[in-house]
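Structures are listed in the sections that come next.
Shared between the two complexes below is subunit A, which pairs with subunit B and subunit C, respectively.
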Partner chain A sequence: MTETSRIESTAAIGAARDERLRQQSGLRRLLSRPELGAFAGAVLVFIFFGITAHGTGMFAADGVLNWTTVSAYLMVIAVGAALLMIAGEFDLSVGSMIGFAGMMIALPTIVFHWPVTLSVIFAFAGALAIGFINGLIVIRTGLPSFIVTLASLYILRGLTLALSILFTNRTIVVGMKEAAEGTFVGFLFSGTIGDPLFTWLADNDIIGRLPNGDPSVRGIPMVVVWALFIALVGHIVLARTKVGNWIFASGGDANAARNVGVPVGAVKISLFMLTAFCATVFAACQVFEFGSAASDRGLLKEFEAIIAAVIGGCLLTGGYGSVIGACLGALIFGVVQMGILFTGVPNDWFRVFLGGMLLIAVLFNNLIRRRVVGGR
Partner chain B sequence: MTAGIIRRTFLAATLALPFLGLVAPAHAAGERFVFVSHAPDSDSWWNTIKNALKNAEHDLSVKVEYRNPSTGDIADMARIIEQAAASNPTGIITTIADYNVLESAIKGAIAKGIPVVTVNSGTGEQSKKLGALLHIGQPEYDAGKGAGERAKAAGVTKFLCVNHFITNTVSVERCQGYADGLGVKLGDQMLDSGIDPTEVYNKVKAFLTAHPDTNGILTLGPNSADPTIKLLRDMGSAGKFKSFISFDLDSDISKAIKDGIMEAAIDQQPYLQGYLPVVFLTEYARYGVIPANNINTGPGFVTKKNIGLVEKLAGEYR
Partner chain C sequence: MPAAAQRPEHSQPPVLALEGIHKTFGGVVALQSFDLEIEAGEVVALVGDNGAGKSTVVKIIAGMLHPTSGRLRLDGADITFADPSESQARGIQVVYQDLALADGQPVYMNMFLGRERVIGPLRRLDRRGMIAETAELVQALDVRIPSVRARVRDLSGGQRQGVAIARATHWARKLVLMDEPTAALGVAETARVEANIRSLKERNLAILLISHSLDQVFRLSDRICVLRRGVQVGVRRTNATSNNEIVSMITGLS
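Now for the complex of A and B:
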């Protein structure tokens, strides 16, 4: 990405050709983007299910809503994970952070009777602080983020369970739906938008209706809006700003980046805060959608986020990847996960097919990228 | 055998009917049901139910898909129920592992006109509130209380409740029922053991060392019972406990009952929770008939007296 933009600017300044730069056609430049493989993988996946899950309801309105919602939840955390991975670090505490952030919203609301808005602000502040501490420890000690955040994984999961038992003597804190009734934050995280559109679609028989006359889909859930919003901001920052270049540089070679004046520490710490922020958005959407926080929420979601980023073309070693790729990765994972259920594969074999499909998507992605980039 | 032949002949005839240009049969074989459980992949107890589903599939010529959230995350389970509803099955069978989380997904399926039967976790009351046809399961609090009363009769004063699925509200109800049956307040006797056998073993060991006056144990299923049985065998301290009761059955538990290490197992007869809902929903789809009341498949207590048959089938059909 950085190279591309540099080539463009050089070309714009001097009409004279610089023999040190290889000339690339526009098509080739388009094809060498990191998200191309993921895009091809996504197309492959849709073709596959278009054939195997044809007529099962997967592509009816409520079926689409189902896998869109699953993908959107994953996309929220995948964007954070991808940006951090491009900067050369991992955050394994994302899943536990989801559980913990949920408790930070639910416990103050239910036990201490705080207004929900205040609880949500408290949860975001708390999550950012934890992200900051994660980042600070990684930067100060130079320990692998893999180990540091593995510790946070256990600490946060444990705290989630311990605090909910301590305050309520149960592991599930309920009553959030009632507490958020009619509030703006309730709408912000679990409302739906575009309801009139769907009513119109149902009136014109474009989507189905329930027996009671309501359209089969009420509206677009806010988590989808959040996912697109985070993805858009993440993409712009990474691809169009100085900070984006810093992120690539920190992940490519941290020392070299430091030597040319990139604030590597600050970049990485803010990205750890970003992953915690994304986890909290995930948690807030879940808490307000289901009306409760539970100590086992978000189990293994950190791996799903990393998988989505990698399917989307991020390198595990850092320095390469894209936000759009991660979003496509989340889409692939969500569609495969729910799509297999539509095809009616026996449950005992379900994970085998899930793993197989993901492997094929990644191999295909890799193949396309190699073909196009050519020996890189 | 004869019944099988008749059924097959009948089925063949049914399939042949349209081709003969006769009136379409009252039902078409090939109803499809989705069974959604809350159990993570690692929970082997559900094998009995899976076997029941296979038998029902075969006996009724229907198709049943078993689904579960791989980590046991109930929020993921809600998505699976929504997915099931979107795939337009003949009926959905689901547990009510967490009423709040599953409420909108289950109500959504019912609003779409899909008949739903609830099984296992949850209460008849919750099932009714959701608009399900009926609930098939074991009243958990009562089952726990029954075990507590047995333990009291055996002279238990201090107990340990080994809970391997503490995040499921049902598990706490079992411990609460036991404590109430015993007439003791539930506090730190409930141990969050996790599901990993080594972890359960060591946590129980640590608890018993820290609380040497414990004389009664309740385990909430094979996942917590098997390592606990092994621990008591290893330490040779089974005699110290006046009552050791477990929920559910597997081969280790039935052997422990035979050996006198364990007093009883609370059998909720999961086979029925898998087989019956498929039968009911099939008959409902074909002829519109369904029982009017909820069905309690448990608690039945398995003791040394009736262990014979149970042992032979443990883990497969019991």
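Now for the complex of A and C:
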């Protein structure tokens, strides 16, 4: 603290002669952070459902597990989408990639009897290669990534369906639970951790039990661990490293960044590979949790990821945003989605409420941000 | 018009030599057989009307544009720069006409963008160090900005120019290219930039200065190179020419 203020005061010497300048206080800087609006939005959403979904089990252990898992799945892809958006690009192929990566895991395992570990490695390698190609096309042609990845969206979705039909004559490939039984990758993507803790909690009547006597929550699902891990790494890279700084610069001012020697192309291509990686983590968790891959998996997930990033304060124009914000955005989305189900809104009206709630969250977020940052 | 007649004899090769540089944009000929040499510790002014091709010269030297034909030599050795990062690595710094700052980033990050300082085994950004050093630099050059943490977007045009100049001065080791560095500056600020240019010259750096102010050119430069519609119409020693001669060379009227 003293260190910082000393630096501040050194910086202020040059400015001391101009009295019009106002000192930027630490509080103000805190308030102008991109994720502030999302934080306020998350609090609002929790208060809303705390009242409307009171007594529905949404905040009992298994209810919490339910919306945490949904949010974690979204968080996995939202972090990638946010970093890419900050670098000034979009990846619309994320949803299709989830379906395609799932097939890249399931088809070799079920049809060609590969060991499941090998299939997972194959899927990750394939996805990274596709991400690389997406990025390369965007960088080399200068076409908007919106268009390039829209093409990938169709190609990958089409391939997912076509290959599934070609090899199995069905649109869903089952048997993955059995194939992953007892393997490390099975645990890595669909296991749980902290089981003894939850047994202890149930033994002490802190959480409930299922009819068969098991604790209502077995443990923390690995997808939650993945989400936190990706978020943590993403946050550190963005906020604390050179590369993070290059991501901001590539999105805000690609030319200025290029002029001073920032490898803008490499940064962007890596981030397209990251979104593909995140989609594959999503796919692997889902394939092993459901025990199957299907040709319609991940439908519209690209938009959910972008919405989460935007709720979290990322600007569609690039150069501004945060990983923590995107995580809060994913949490808001997951809580709203599940909260509506808990409050018992008829299924037919579900999307209307979801859209409405999201609009309110975004407007609220925007209002807060404008209040605080002023001007812009 | 032998080039050697226009500069003092030196045993060392010039810091930078351009030979027969040609640059066309589609049908537009922006530069035609352009030759220029710049010595260490020398200020060469490049003057000419709007669209004469001055910025094109700067961009070619910086590696942002590639000449259609012609050669560049640095310290006597042939060189081609694939992009601006390569010219920077060789000690060349540029103040671009459009400044080329990252608007969304704070001042200190602009100062260090692409050369960020890191600390510790995890190579974390050393924000504190960069802020302190920028503050020092900005103070030394008397660039008046609200704070080194201010975003460039929130600065005035002159303040931005100050930041761009401070960045170039800080990193230059060999050659500084300045494309209208004082275009947005007030009287006092202009005087400070001129003092800054003189101190670069004292540090034995070579400077290529583009300016529309002939007074400034006469105050600072050792030689003046005149461009008209992409053609070099002549190079003069500053102390052996007059304002009138340069004006008539620029306009082509006598």
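The definition used in the following text is that the second predicted complex is superposed on the first by the 354 of 376 C-alpha atoms of A that agree within 3 Å, B and C clash if a C-alpha of one lies under 4 Å from a C-alpha of the other, contacts with A are read in each partner's own complex, and residues count from 1 in each chain.
The working rule: a residue touches a chain if its C-beta (ideal position, glycine included) is under 8 Å from a C-beta of that chain, and two chains touch if they have at least 3 such contacts.
Given the structure is predicted, the values throughout are model-derived calculations rather than measurements.
Visitor: For A:Lys242, is the partner it touches subunit B (first), subunit C (second), both, or none of the two (neither)?
Guide: Only subunit C; A:Lys242 stays clear of subunit B.
Visitor: Between subunit B (first) and subunit C (second), which, if any, makes contact with A:Leu188: first, second, both or neither?
Guide: Neither partner.
Visitor: Once the structures are superposed on A, label A:Val260 by its partner contacts, choosing first (subunit B), second (subunit C), both or neither.
Guide: The second partner, subunit C, only.
Visitor: On the A-aligned overlay, A:Arg351 touches which partner chain: subunit B = first, subunit C = second, or both, or neither?
Guide: The first partner, subunit B, only.
Visitor: Based on the superposed arrangement, let me know which partner A:Leu228 touches: subunit B (first), subunit C (second), both, or neither?
Guide: neither
Visitor: Between subunit B and subunit C, whom does A:Leu201 touch in the aligned arrangement: first, second, both, or neither?
Guide: Neither partner.
Visitor: With both complexes superposed on chain A, which partner does A:Ala151 reach: first (subunit B), second (subunit C), both or neither?
Guide: The answer is neither, since A:Ala151 touches no partner chain.
Visitor: Does the superposition put A:Tyr320 against subunit B (first), subunit C (second), both, or neither?
Guide: second
Visitor: Is there a shared patch on subunit A that both subunit B and subunit C touch, and which residues make it up?
Guide: No residue sits in both footprints.
Visitor: Residue numbers of subunit A touching subunit C in their complex, please.
Guide: Listed in rising order, the residues of subunit A that touch subunit C are 3-4, 7-8, 10-15, 17-18, 21-24, 29, 240-242, 244-246, 248-249, 251-253, 255-262, 319-320.
Visitor: What part of subunit A is in contact with subunit B in the complex they form?
Guide: 56-58, 60, 62-63, 65-67, 69-70, 161, 165, 170-172, 174, 177, 210-212, 214, 216, 286, 289-292, 294-300, 338, 341-342, 344, 346-347, 350-351
Visitor: Under the stated contact criterion, what part of subunit B meets subunit A in this complex?
Guide: Those residues of subunit B that touch subunit A are 32, 41, 50, 63, 65-68, 70-75, 78-80, 82-88, 98, 100-101, 103-104, 111-113, 166-167, 169, 172, 192.
Visitor: Once bound in the complex, which stretches of subunit C touch subunit A?
Guide: 62, 64, 83-85, 88-89, 94, 96, 100-105, 109, 113-116, 118, 122-125, 128, 131-132, 134-136, 138-139, 142-150
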